[in-house]
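Chain IDs A, B, C and D follow the sequence of writing; residue 1 opens each chain.
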Amino acid sequence: MSITYLEAIREAQARALKEDDRVFIYGQDVGAFGGAFKATKGLAKEYPGRVLDTPISEDAMVGTAIGAAIEGMRPIVEMQFADFSSVALNQILNNAGTHYWRTQVPCPITVRLPSGGTKGSGPFHSQSMEALYAHYPGLVVMTPATVEDAYSMLLEAVSLDDPVVFCEHKYLYYHLKADALPTESLPTGKARIARAGRDLTIVTYSAMVHEAIAVAEELSRDGFELEVVDLRSVKPLDTETVLASVARTGRLLCVGESFPWGGTNAEVIARVATEGFHLLDAAPARINAKDTPIPYHPNLWEAHRPNAKSIAARARQLLRE
Amino acid sequence: MSITYLEAIREAQARALKEDDRVFIYGQDVGAFGGAFKATKGLAKEYPGRVLDTPISEDAMVGTAIGAAIEGMRPIVEMQFADFSSVALNQILNNAGTHYWRTQVPCPITVRLPSGGTKGSGPFHSQSMEALYAHYPGLVVMTPATVEDAYSMLLEAVSLDDPVVFCEHKYLYYHLKADALPTESLPTGKARIARAGRDLTIVTYSAMVHEAIAVAEELSRDGFELEVVDLRSVKPLDTETVLASVARTGRLLCVGESFPWGGTNAEVIARVATEGFHLLDAAPARINAKDTPIPYHPNLWEAHRPNAKSIAARARQLLRE
Amino acid sequence: MCHSPEVKIICASSALTTKLRFMLRTAERGANKVETKRAPHERYLEAFRWMLRARTFEDKLASLYRGGLISGGVYLGRGQEAVSVACGLFLQKGDILAPLIRDQGARMVFGEPLLDVARTYLGSKHGPMRGRDGNIHRGRPAEGCMAMISHLGAMVSVTVGALMAKRFKGERDFVGLTTIGEGGMSAGAWHEGMNIAAVEQVPLVVVATNNHYAYSTPNEREFACHDLADRAQGYGFEGCSVDGTDLAACLDVIGSAVKRARAGRPPQLVVASTLRLAGHGEHDDASYVTPEIRKESFAQDSLKRAEAFLLESNLIDPATLETWRDEAAAEVEDAVATAQKEPAPEAETEDWCALSMRHLVDQPA
Amino acid sequence: MCHSPEVKIICASSALTTKLRFMLRTAERGANKVETKRAPHERYLEAFRWMLRARTFEDKLASLYRGGLISGGVYLGRGQEAVSVACGLFLQKGDILAPLIRDQGARMVFGEPLLDVARTYLGSKHGPMRGRDGNIHRGRPAEGCMAMISHLGAMVSVTVGALMAKRFKGERDFVGLTTIGEGGMSAGAWHEGMNIAAVEQVPLVVVATNNHYAYSTPNEREFACHDLADRAQGYGFEGCSVDGTDLAACLDVIGSAVKRARAGRPPQLVVASTLRLAGHGEHDDASYVTPEIRKESFAQDSLKRAEAFLLESNLIDPATLETWRDEAAAEVEDAVATAQKEPAPEAETEDWCALSMRHLVDQPA
């Protein structure tokens, strides 16, 4: 048996629906159709009345989920693409994100964002928005990189009493496979050493974990052992694991698919620079996407986001410093 | 004669209206009423038909400005409070921010955000949102700290061919005064050495510049000379000036009023750590607001954002390292 | 949760003369429709007394504000008490109220303790918002009263969600009521909320008050339709208009809308017409309100109108009215005095946790 | 900018028998109203020929997609050609068109070169979007054709702003037309755009097509009102409905709406009824469309209907139709062949500048 990242997301939702009466799924085309990416395939039939198609109203989809969560439900909202969450951002940041702090009543919603770039998708179907959500208080922002994490973290997202923005990567949907669903997992907030190493630490998350691992494998043929830290959630961000890794390697390269200004890379470097300055043997480095909208054409798209080639080049350079 | 930060904003708009037919002002209550903060006082009368009240429709206010800009106008949109721009964010990021890159037709809008905290304003009338806008490509994000910059940068914002998010600080509106309007200014993208020093660099912007200067003055009584860099615009961010300052002082403290995760502080530290690592004699440090919504009560509010006291304490600690 | 103040009946039932019957016609119609167990004059008196309390409290808030005793803004519902009290009066425990800026009346009737108001405005540590949020941004969601965010329009869909949750949980006989100003009706969030309410067919009542201004902005720059109530049919709501200065009409129309929603009819939109008889906030002298508009019939003070009716029709005597006033003032003074004695929140003891799951808090150095 | 293809008149004027006059009744009415300089049958034929071209191009796009020659999605307006062509046909140079997903027709009629379509879908470096954006996300704003963003509803207010700019600049006699699907009418941005259009009283026409699905979502889960055209009055628009499968009716109703907007009447909303005769995109087999719905009268193919009418009424003979088809196919093949020969954009020569003011670009290391 083999299961994809996308199937893991479907299975997690199936299990959440099965085990917890409070769960319902709310989103455009998630019902009989099973969602634009089929992440809810078959669920409407298995759980009648609990997997509901919505109008094209991202603000109201999240607002509705917030109201339901306040009243004790555990809604999962699917955005058709992460990019469209820009029109739900106010409800996510200002309503869900502030609710517990203001009222002491928790607001356990999960907002699923099919994120990240794929070929030919262009500026409005490719975005990685974790930085917007992580910047504001009151939200947990998950960025699973593996089939196992897609499954277990989504289950955990639903079980947490706080609002979770769940950034699942579209590129991994079909590309990534595992043998089976996991039976245990790290808790939210713990990063994972995706590959152990000693010469350089790559801190990354989501689809870029796999690029980083490919680079580590490539460079290991030249005798360099790169450690790859998969953040798993960018908020909370596991500073401890990152620092421990940098303590081992002395070198830090941050890799992320989102835009360069601010964001996870900047945050990780800021944490290491402020809290682990003496651990660094060389200047830390980062690779982001470029500071333009995400291009439609595959030629441009490949160059816009970091990839194994650009990461490897930067890693080699950093190893020489 | 003396002129406040707020009056400077009014005067810049008056001059823009006077000198450029393409300029019009669009926002809630900006007309006869002169705006919630009186930043457009008298302008509707002086420039009939060019200072227009809008419905409570932030998305459409910005959308309208975008359409007008594409057709050759230079609209200035006033958000009543920065916080409400969350519902215009999609138009700002995805429409204005991508327009030039996609079509080669520039989109010269200026969106004024009355930003930042004041006592008793609470979670939804106090936000500093520059990090959200700076993260995305295609926007210039200005954060003037002085009366002079409020004036000259707003004029420059209107004259630039690209969309500008103009973060003006409400706390400075009445508190800050200058003798006269400036006749010249630094260009956009150039940071300003607000105070020269040799022992430590504080990189900051907007209202926090004044807290930093107060700290510098306090510490100079103990023999420490702090340099204060006022970024002026957080995007573009003047890495060169920052690095040159850190080269002089060897120590970096970043101060910002927005939330801790990501944002300007993280970006500045990331740039210095990656591009000027060897310039640092000690780990860089940062002070942000806390990671909760901005509290209503003055007691909590004072503790939530950085202030001269907390900055001084951190600076002293950093000077000992 | 409709905590009714003890209503002293001054006129015996027999005193309901033909003349009074005629004068109460409208109220009665309303009352019949909402299946009240009380006679219409009782309902009217009860509502009036709530209006008096709301006004009394808000007058006090205004004076505290003028005295510099309140941080931040003070936003009053002066003139809108009839609408607002009617919004609260037909709700019961298990219902949802999502109030907005000018809903002192509805909040109180729905069960908000006076002390909540005082504590929130005065920043007491013991208030429901514990100094974290202030003024109108208060609520007790666990008791069905939502805590609004400022962004107008956002609370409609939240109310829809709360009602869906009740349906999921198998509750019965509930309704939700939320309010909006005519200005907020231009917000995209409001539209999405209205549409999704109709799609989900939840028992929702949306009471919109056109008080003719959004801050300083007059209707001409807010919308261009002939009648805001016409928006109802575009969503599949049932809609109607009401004179927001006429308490009997408000009780009738809003009561009926609540009843229809509770009975499973489509969502309800009521558009009330009033004038905001205060500044946008107490910092605002509302000098932009033209003298002409102050002469319009929608510019009447609903409280004065109700009072005049009650006195004129001998449903209440001046002495009782005085007693009610005094009682309201005493209650308010009491709440304010209590809150004023209470400690303010302190930064040192504040836990600065935006998450309920403390172990997930990530406050970097 | 209404580039009309050369219309060969097959029937002499005299051939317009009473029977044809009757059949063309609707088209005629429309044509009279829009002050066309052409006789109604000419307008109809012209529109039909545009429909044919649009369909021909879209069929080609579908086959390129199936052949794996297009990156990303392909979104067709199949079945909606009558509405879309009518949207373009009454616009002129100086007007604004803000098209959406299914507007191949309107775009072409308004003057978009076929090569723009081919270049954008095939990612030619020479296309208007130069490979930076693709498929339907194309436009030439400098020539009045806006380049949509994906977020539904966002383009209404953009069109309003462009019209305000024209008014500011003293231009005259212009209109703007933008389109939306019934699904996009649930978006908050759409509501804000509609409302602000009415407040600003710009000469705007909004043509909504209810093609009964938003992706897979049927009307029942999109809205709950009886008739979407009823939304018009809630905004202060003038509104009407039209059978989107009937070309003559589309020409009449949309033409009249454009004329009214141009004449200074309030903004116009037209709601057309059709069925989407394709998947949401070409990746989608639309298997969720029920057989019952395919039998509805709104499920007719507007192109086939127009063609049948023309043949039946001898307004065109089969041979001419064949010629037109061949000509359309040749034009399309030509555009596609040209675009296919052109270079793709390359990362090395792309300047990666999101700002027009190059010195403000801030691309950190």
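Rule of thumb we're sticking to: contacts are C-beta pairs under 8 Å (C-beta built on N, C-alpha and C of every residue); 3 or more make two chains touch, one makes a residue touch a chain.
Keep in mind that what you see is a predicted model, and the values were worked out from it rather than measured.
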- Note on the structure: Relative to chain D, the most remote chain by C-alpha centroid is chain C
- Message: Distance between chain A and chain C based on Cα centroids, please, to the nearest Å.
- Response: 42
- Note on the structure: chain A and chain B have mean C-alpha positions lying a whole-number Å distance apart equal to 30
- Message: Using mean CA coordinates as chain centres, what's the gap between chain B and chain C in Å?
- Response: 38
- Note on the structure: For chain B, residue numbers touching 2 or more other chains are 54-55, 57-60, 83, 86-87, 90, 94, 97-98, 101-102, 123-124, 137-138, 235, 237, 261, 267, 270, 274-275, 285-286, 290-293
- Query: Which parts of chain C, given as residue numbers and ranges, touch two or more other chains?
  - Reply: 129, 132-133, 137, 149-151, 186-189, 192, 195-196, 199, 221-223, 353-354, 361-362, 364-365
- Touch-based graph of the chains, sorted into line, ring, star, complete or other: complete
- Task: Name, in rising order, each residue of chain C that touches chain B in their complex.
- Result: 70-73, 123, 129, 131-135, 137, 149-152, 183-184, 186-189, 214-217, 221-223, 288, 344-347, 350, 352-354, 361-365
- Per the touch rule, the chain B residues reaching chain A in their complex are 59, 83, 86-87, 89-90, 93-94, 97-98, 101-102, 123-124, 131-132, 134-138, 235, 237, 258-259, 261-267, 269-270, 272-275, 277-278, 280, 282-286, 290-293
- Residues of chain C touching chain A in the complex: 128-129, 132-133, 137, 139-142, 146-147, 149-151, 154-166, 168-169, 188-189, 192-193, 195-196, 199-200, 353-357, 359-362, 364-365
- Task: Mind listing the chain D positions that touch chain C in their complex?
- Result: 153, 186-192, 195-196, 198-199, 201, 220-226, 228, 230-231, 233-236, 266
- Of chain B, residues touching chain C in the complex: 28-29, 31-33, 36, 52-60, 80-81, 83-84, 86-87, 119-125, 260-261, 285-286, 290-293, 295-300, 302-304
